[in-house]
Amino acid sequence: MSTLEIAQFKHISAIHNRDFNGLPISSTSTAVNLTGSWKFFRPKMAEKGSPCQSACPLRIPIAGYLRQLAEQNPAAALETLREINPLPAVTGRVCPHFCEAACNRLEFDEAVKIGDLERWLGDFGLDRPHRFAPAPETDLKVAVVGAGPAGLAAAVFLARRGVAVEIFERGQEAGGLLASAIPAYRLPRDILRNELDNLLSSYPAITLHCDRNIDPGELTALAKEFAAIILATGLPESIIPAAWQDNPRVIGALKLLATINRGMEIEGDRFTVVGGGNAALDAARSLLRRGKKVEIVYRRTLAEMPAYEEEKEQARAEGITIHQETVVGGLENRGENLQLTLCRAQKENGGIVAGEVLRREDCDILVVAIGQQAADGYLQAKLPETILRAGDFAHGAATVAEALASGRKAAAQVWSRLNDCPVPSETGEPLGIADFTRVHPDYFHPRPAVRPNLLPARERRAGFAEIRTGLSPAETCREAERCFSCGTCTTCGICWFFCPEVAIAIAPDAGSDNGKVLFDYDHCKGCGQCAAICPRGVIEMEEDL
Amino acid sequence: MNNMPDIPRFHGNSNWQAIAAELMEPGHMGCPGCGASLSMRHALKVLGPKTIVVMPACCWAIIAGGQPTTALDVPLLHTPFAVAAAVAGGVRQALAAQGENETTVLTWAGDGGTFDIGLQGISGAAERQEDIIYVCYDNEAYMNTGIQQSSATPPGAWTTTTPTGKDFRYAKKDILAIIKAHNPAYLASATIAYPDDFYAKFEKAKTARGFRFLHVLAACPSGWKIASQDALKVTRMAVDSGVFPLVEMAADGNLVQTVKPAKRIPVADYLKAQGRFSKITAEEIEIWQENVDKVWMTPEKINQKNG
Amino acid sequence: MQQEAILLGSEAVAHGVRLCRPEVISAYPITPQTHIIETLSEMVDDGELTSRFIKVESEMSAIAAVLGAVSAGSRSFTASSSQGLAMMHELLHWYAGARLPLVLVNANRALGAPWNIWSDQSDSFSQRDTGWLQIYCETSQEALDTIIIAYRASELLMLPIMVMIDGFILSHTMERLLVPDQEMVDDFLPPYQAPYKLDPDKPLTFGAAAQPDLFYELKKTMSATMLEAGPLLKECERSFAAIFDRAYEPVIHCPEGDEKADTALICCGATTGTAREAVKRLRQENIAIDLFKMRLLRPFPQTELIAALEGKKRIIILNRALSYGVGGTLSQELRAALYNLDRRPVINDVIISLGGREVFPETIMDIVKRRKELSPTASNWL
């Protein structure tokens, strides 16, 4: 019997005066039975990355900030987001959001509208300075060439480490292609300006020099002044076939977009845009908004167009004609006009050449949007190896998110080089991904995603007003609640609820991630239901022999 | 709290605390993944500390722990197999005689003690409108004695006394119809795999007065030949396939469905998820599916069947 | 105050129960117990008795309901007979093992097959191993008194007590008796204060499975309590006598008997009355016979019995219950009890009646007269 004594009854009436041991009465908790010895497997907390985070070039901990949003704590959510992404109001609008395509909810009902949530949070932060843990000041000075997203990101992440950064921007303002190439209806000017102003004023360690072109030849001198140089000069020039380069009626899409973005007049009425990327669509749709007649010529099918689906759809809704599988076989200046020879695209030796002539057509200006390249001088420049590259200039044309990630990475590399230490990991690669096979949404109910409004096509054509409307705070909260928080314990307590052994405790404030859920291994029998039901795919069973 | 699944009163920490108190102890003798253990844990959370449990021979007679231990933090009276309903009636009448009308008297019995050996006593207690809640946690066989068939065992199911599967001519006894015929104060089917429904029904049972009966499907991993981690999933499938509809008696005395599963799944999926149905034939599955289809989800049809 | 009354045996029982103020009564009708529960039902309906009467659907539920009620701390009552008592069998074991008090009145009746509603003691004798105290009554007055004594003893012991009356012979027969008033009974029998019960404020579990070693210990304790029950019951009987002026003992020597006689008759229950008449008449014929009544069967009053039978050379036991293949059940009990005596008397096992077969004084006189012809080993049938 050892320590397990039957409770003594002190309330026995006096007449009994008897020893009540030996009665069929129990009052000792079964907790004295260490049923944990029955188990062969035991649960453990194994937090993972979410598919959305994994798909994000920046590896933003999306589940984390969505949860804070759902908890109606946007200030905390903003900090979580900005810790990784210094330009959320921008990326919330222009990033194609690979995260949404990877969202587990896609297999359940529909993806969480992460982009719209990021945008809302970015706008929420426009008048809120960046907050970051202060780093000890250093006497290090780093030069960044180019104030596009990559350059800015590099500057921000260095500044956060106490490094003084000087950015040299050849244009009149910061932003790079964000300012010069992305139309206002996708990224309103005031939003961009506020975002950048807020960023720059948040980091006194960053000094921006505009209208300051750095020629490759100057780099050697610059290297003496600065501890390191990061080149983030981007790919600001449209590629124009050699035969058309000298034609005054041919213009690169980026140059055209920059002109429009600066609010300057565009000559000509009829425009033909060659190309199928976002720049082509941006150019065409901007021209449309300036009241021009515009059509697109693309050498492959609509489905093969690399521009974002949403953009394609909007362009078609706005009434832009896209000639598929068509190439400009030739062009001829005829007086005021430019006559284009449009030919059927024909595949040949893995490439596409002009086939039979379809028709000839007149236009005023031909806009070329078939690719981008580095600025003059940087095209063939041989750069010292000590100079780091970042952004499009380093990796080729890519998304803003990729440019930001590249800038951040360059900052980390510079830091490691200057301090002779390993490259610091800012977003530790997760041990695993909580993909749809690992999450258990059994106790979620399907709930449709928010549907942000789009301006009607007719209104869109009338000007550069932003097409997509933002979410209301209530919508934001509701949509953020849809996130499964794949891979991250939210202390939702489902494991606790469904444990038949009363062997799980939830300790939301226990601190460490693994401390949020506590398993009582003395009593857990290893049934595995907690792992089988964990909605986030966090709990795993491991052998326990 | 965000993205909380639909677990009762989980929406917010403060409410979560409302069901945080445990009236069941760890270290009980239930098998890993036991649905009956989990059901008890939550039943007591709803009913609260002012509950007296009366329990005949059943798995729980063992789960509750041997002397000197007990798994419950409420009074518990073990009784012989056939008499739990009558004992509970006696407990309640004694409390009433002492002027105590708040304490809930809960009979917690398995399917053997309910569908079979205890049925007469239940009928008596129901007729007398004994003011008790009778819960049958149905794991569909005599699991405690080593998985022998009961009249709650579904046709086709393997047990140690139906080695080739229970004869398909013998349907599972319709306990709800039997109890309904006694005009109980409350009557419902439930399972903890549908927690909101489970909680709502136990709350209704708690507040009603008179004889109240809850038929709770409780997975038995050993007896159903399923992996312990699948117990909840398989129980949900029982509901989602229509094999175990979640119903309750409405004010007009008719049974109405309380949960319409988002996606109805074929009966075959439910059966194939369990080793105990491994010998069931395609024809039998078809018959089962047809039977389920006949009553599926229209309360009128359930009533026809039961009424 | 004690009021004189002429009552049926069943009514006397009902009044005994009424005076003990049970909070819960549960019973199922069976001849010849029915008058008891009919009378109690009337008392409840008249408001004379405030008990809750649970009219159950079987004897099994009747004993189950009082098991629940007493577990919850209420004094309770049930009554049965014959088949009904047999149906309770499982619960009789459980009840005693649960260490709860109760008074159950059994109107003794034969067990089928074939059907027979008349009196013998095979129903209660076959329950003698269930852990209940058993008291057999000769008269309705004794039955009424014994119920009051039994509640007192049962609640002190935390063991149940079965009080027997002979079906029809007692239950359906009018008798002049004294019914004490409530105040007297209240003085003797305080309200039941359960030393342990189902109480949400002090949650305990009752009857959880016990492993072999613990089970053994529990039963050892229960057995020891049963052995203490004899002296305790005697104590209760003494204090009852002091208040009510009626004395009872485990083994009662009948004054009709001749103490000096070397032959003694042993009876149990209402047959004693007939035996008293027989012994009186035998004395007129100059046949000296002593007479004892076994009032208590469990716990078995071994000491009292040995003292009572001191010096007897022959014991004639009038059995009304049979253990097939052995003989009269009461005889077996006595044989075992007297085995350790240095000078053991001859024991004549007589099966005097089964299934209500009439026992006249002459029946008993005839047996006594033929005593030397009776087998000392085999059962003697009429």
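Chains here go by letter, A, B and C, matching the order in which they are written, and residues are numbered from 1 within each.
Following the convention adopted for this analysis, contacts are C-beta pairs under 8 Å (C-beta built on N, C-alpha and C of every residue); 3 or more make two chains touch, one makes a residue touch a chain.
The model shown is predicted, which means the values in this text are computed figures rather than measured ones.
Note: the chain lying farthest from subunit A is C, by mean C-alpha position.
By number of C-beta pairs in contact, A-B leads when A-C and A-B are compared.
Computed centre separation for the pair subunit B/subunit C is 43 angstrom, with centres defined by C-alpha atoms. Note on chain placement: the centre of subunit A and the centre of subunit C lie 89 Å apart, centres being C-alpha means. The distance from the centre of subunit A to the centre of subunit B, each centre being the mean of the chain's C-alpha atoms, comes to 49 Å.
Shared interface positions of subunit A, defined as residues touching 2 or more other chains, are 1, 7, 24-27.
In subunit C, the residues that reach two or more other chains under the touch definition are 203-208, 210, 214.
In subunit B, the positions touching at least two other chains are 64-70.
On the side of subunit C, the complex with subunit B involves touching residues 23-24, 26, 50-52, 54-58, 60-74, 76, 90-91, 94, 198-200, 203-211, 214. Interface residues of subunit C facing subunit A in the complex, by the touch rule stated above, are 97-99, 156, 158, 193, 195-196, 202-208, 210, 214, 217-218, 220-222. Residue ranges of subunit A in contact with subunit B, taken from their complex: 1, 4-7, 24-35, 38-39, 66-67, 69-71, 441-446, 480-485, 490-494, 497-503, 508, 520, 522-523, 525-529, 531-533, 535, 541.
Residues 1, 7, 9, 11-13, 15-16, 20-27 of subunit A touch subunit C in their complex. Within the complex, the subunit B residues that touch subunit A are 1-7, 10, 13, 16, 22, 24-35, 37-38, 41, 64-71, 192, 195, 221, 227-233, 236, 262.
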